[in-house]
Amino acid sequence: MVELTNEYIEEVVKACRPFASRGKVIDHIPDLDQSHLTNLGVTIVTLDGETYSAGEDQDNFSFQSISKVILLLMALEDFGKDIVFQKVGMEPTDDLFNSISNLEEYGGRRPYNPMINSGAIATASLIKGTTVEERFDRILDFLRKITENDKITMSEEVYNAECKNGARNKALSYFMESTGVLSSQESDAALDLYNRVNSIEINSLALAKMGCFLSNHGRLIGGKKQIIQAENIRTVKAIMLTSGMYNESGTYAVEVGFPLKSGVSGGIVGSVPGRMGIGIIGPAINRKGNSCAGGEALRILSRDLELSLLHDRNVRNL
Amino acid sequence: MVELTNEYIEEVVKACRPFASRGKVIDHIPDLDQSHLTNLGVTIVTLDGETYSAGEDQDNFSFQSISKVILLLMALEDFGKDIVFQKVGMEPTDDLFNSISNLEEYGGRRPYNPMINSGAIATASLIKGTTVEERFDRILDFLRKITENDKITMSEEVYNAECKNGARNKALSYFMESTGVLSSQESDAALDLYNRVNSIEINSLALAKMGCFLSNHGRLIGGKKQIIQAENIRTVKAIMLTSGMYNESGTYAVEVGFPLKSGVSGGIVGSVPGRMGIGIIGPAINRKGNSCAGGEALRILSRDLELSLLHDRNVRNL
Amino acid sequence: MVELTNEYIEEVVKACRPFASRGKVIDHIPDLDQSHLTNLGVTIVTLDGETYSAGEDQDNFSFQSISKVILLLMALEDFGKDIVFQKVGMEPTDDLFNSISNLEEYGGRRPYNPMINSGAIATASLIKGTTVEERFDRILDFLRKITENDKITMSEEVYNAECKNGARNKALSYFMESTGVLSSQESDAALDLYNRVNSIEINSLALAKMGCFLSNHGRLIGGKKQIIQAENIRTVKAIMLTSGMYNESGTYAVEVGFPLKSGVSGGIVGSVPGRMGIGIIGPAINRKGNSCAGGEALRILSRDLELSLLHDRNVRNL
Amino acid sequence: MVELTNEYIEEVVKACRPFASRGKVIDHIPDLDQSHLTNLGVTIVTLDGETYSAGEDQDNFSFQSISKVILLLMALEDFGKDIVFQKVGMEPTDDLFNSISNLEEYGGRRPYNPMINSGAIATASLIKGTTVEERFDRILDFLRKITENDKITMSEEVYNAECKNGARNKALSYFMESTGVLSSQESDAALDLYNRVNSIEINSLALAKMGCFLSNHGRLIGGKKQIIQAENIRTVKAIMLTSGMYNESGTYAVEVGFPLKSGVSGGIVGSVPGRMGIGIIGPAINRKGNSCAGGEALRILSRDLELSLLHDRNVRNL
């Protein structure tokens, strides 16, 4: 097993950066453009509090689908497993993340899981608060706490673009209203909240801290307080494992082997339970929506550091 | 954490047996009928060689879909990852295990994964041997070796029924021939081999041994010889985790949290890496195809013995 | 062949009224309730200007899907065949009238045809006028002209209900915006116009006149002026023939055999080219969305009066 | 309206032949190859017995999907409407002619209609006779009678190729067996009969005679005997109108406007009720499966001779 050092992470970044050319930077998010094509930031925070980082780890890009993890964590805390999974399933799907057909096929009921857009909008309807602003502020506070970063904030520019270009998500939201997944009171607010959370800006260090929080079973590093119940953390990680990487989730389960969630801005959060959190931002994404360079970095890290949950190294023997 | 004893397993069987009444015994398999409704056998074999067992652990029923694990292991050994995953994907699907639509939707190419019928038939085409008999004998030898049971054999009666009632699988096989997944030379033989392997009879002890072999990274208990390469074992377990329990795989990842594969005769094989193998046979299955009593037993075992890969107990700390 | 008289129509109404009990009156349209269950109005207007009528032919119910015929006629006149059929197809579909999946399957492009909801919303975007009100007034003027009834108007109450309960159609509209079928400028207005036109109230006489206008190739009875080009009339009738009766269109082509369009308020417009227009309102609809009593009336009328386009009686010999 | 003469048909052929270059000749039918790319035969037989013909009207190519018309006619005569339409529907579909998904979506029941492969195989199971040979001979006799051509026969070479390349149709047949549309006794025989009928060789004159028989309501020209009941003829023509031209049926209903059925060897049979039958063979087909040059010829003929059922010319006025 390779030793984890800053130099090693630098080598990984160097080796993976060329893979960016296999992808494209999404063109409708204001804070991203083709000039970021070969950017790659990789940060690891271990459970003993060490940080290893390299590349453009200061890049701040919008959260996008990684927000789905935060929404699910909070909905589970706010309403509990039973109510959450009445509204959204926990099964992987072979449909696209923004698919609407599966809502129709599925007899007009629950979205398959909270990691696809429809499922995340449904999850967003289960965040407590009297106004969208209040609900958003609760989410932001939580995120700042677990990343130990008070400067994390939403980009107004990205939010406005999400609203303007959000016809597909509007369609998902109203379709769920039409089938009773969301009430007519819930649909607009849930969509608005979803757009806001997607527009939070974050860098690879914050993502690594977030992963570390998951790996530490819902506690801050060195902290004893259970901020999120351990069972809810396990639930979220299990769903990340089966559904976190869009339609490559099965492949990542085989090739990387620990809970991950990606976003179309090229971010990925990874959690190696008991060991570390991993944060990656590499804006060039492949056709499935996953960071090209970031995905390669995960494969190398998993192999070199023996990170798969299924690896003997990572298994506690009797 | 509960202590693992024979008495404990007996209690689990007692507690779970009533759940059988929520399901039905499949009626087209000759060795099964409604008289087996409340049967439940649960066996655990730990990596240090202890066996704990209770209930109808002597019941011998046909392998059915659990054979998919064996087919995939052998295909990976025979042809390697690259060739296997050119013919079959590794992504979970929301379609039924015997679905044909996904072969058409998917542009007429690979089945989604080796844990659905089409995928397993495609995998069966990648078992080396000059005749179906020879290929089957290689599989049987392998299974006898890893279960340390030379008496395991195929039921002619079940095999004949599989052939007679096998119109759906014929359709899958010929459809794959029509789209080039299988050649016209391969399709009949692959289907025949698939029917044979599904007709092997097995009990909960043999399933537990099989799970133990997976948990021990491809070695017999106490053995040093790597019978299957560790990487192939990891690949199979990862696919079991995301796709092993039909359309409840995501739910089992959350609620049980380790690699499993079920069959419609009510069998389930489970692998808790580094710790144990679990074998269950409870013939009453629910609408998704999974053993009702067996599924409940897994939830209880996972909770009591802290078996989830995502549980702190099961995670090796730094 | 039976002789067409008022007495005959009365007999048809009497014979068909009991079929209403096989269906249900839709419960979300304000002007309709279960008290209308057995209502049935049947009116025939022949091309020589005679009117035959019986039953509740004074019932005024909302247009609903029959509006799709008017929208298509006007869009064809306003923009021509080429532009209309770039936005919407002319192929029948086996999906439901309010299906959204077909928009996704179809590569995110045109709705299958103008007789399903998505297709009609797309068609509505092709009605000329600077405001929704102006566009709606043009449609209302046209409808009043061809039915020779200046009192036809929109029900505010129905319109408000259409807007309030319109989540499914909102989803269709925004989905089409997301795939570029509609621009962000068009989607809201097209949906609003669609809701308005669906809320126009009409009775069986007006429907019969509308059918007669189609049967007379785009001219009023006795009129020489071509109000709509004959080619556009033929196009609309051909699409009614293949797609006018929801997912029973093929069955009606066989059993009735001339252009029809139904709505969920139980209305049906029929056109027997060269001979007559037929208007029916029978609010109890079957699971496919078609009037139970009205459908039976059409089968009887077609048989007794030899109305099928494919009947020798209705074919001009060499 | 243009006058119908041999010279006129020659002009049509000349004008349409270049459209063949937009298509391709199918490469797996033995009697067809790219040398036939620009072939085009057009024959019209009128109900008063005149024949007008031009181009390669002596080309004999295999029947392919046009056989579906004959199978449906005979099944209706043999078992009647009720039994036939319990096994196969009469609704148009937006799926491909060889689609298997619709059999699964449709709850595993009837194929949508008799003009798609699954529907035609189901229809073939309803042809009376004790052996496949006997059933085939009855079909051949019928076809020879209505085309007044005793030399029509099956190509052994085409039949062998159909069997060899028939994996898709085997899949359809076994899938229907698995869902109970066909019994295990029926499936192999129905498929074999289907393959045989598809392999009958025919030219544009025979197709025109066949169309003429349909146009003459089930009687030979000048004959008084009702060979097929008039109602069954109407049923078949109505289904041809809504579903006869693969996924362009709606477009042909609009642009041509009378019952048609095409095959992938480039043949088309057309029936203009009361007026004429049309036979076309132009082997270059487009992506939907319809003859490129033949389709163009139909559009021109329909326009010039005013053949649409919806045209005033073709409508018998009061």
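We call the chains A, B, C and D, going by the order they appear; numbering starts again at 1 in every chain.
One rule holds for everything that comes next: a residue touches a chain if its C-beta (ideal position, glycine included) is under 8 Å from a C-beta of that chain, and two chains touch if they have at least 3 such contacts.
What you see is a predicted model, and the numbers here were worked out from it, not measured in a lab.
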Fill in: Number of steps on the shortest touching-chain route linking chain A and chain D
2
Worksheet item: What chains touch chain B and also chain C?
Response: A, D
Worksheet item: What is the chain whose Cα centre is as far as it gets from that of chain B?
Response: C
Discussion item. Quick check: how many Å separate the C-alpha centres of chain A and chain B?
Written reply: 31
Response to the item:
In whole angstrom, the CA-centroid distance of chain B from chain D equals 48
Item to complete: Provide the full list of chain pairs in touch.
Response: A-B, A-C, B-D, C-D
Discussion item. Could you list, by residue number, the parts of chain B that touch chain A in their complex?
Written reply: 46-48, 89-95, 102, 112-113, 217, 230, 234-235, 237-239, 241-243, 247-251, 253-254, 257, 259, 273-275, 308-318
Discussion item. So in the complex, the part of chain C that touches chain A is made up of which residues?
Written reply: 99-101, 103-105, 164, 167-168, 170-175, 177-178, 184, 187
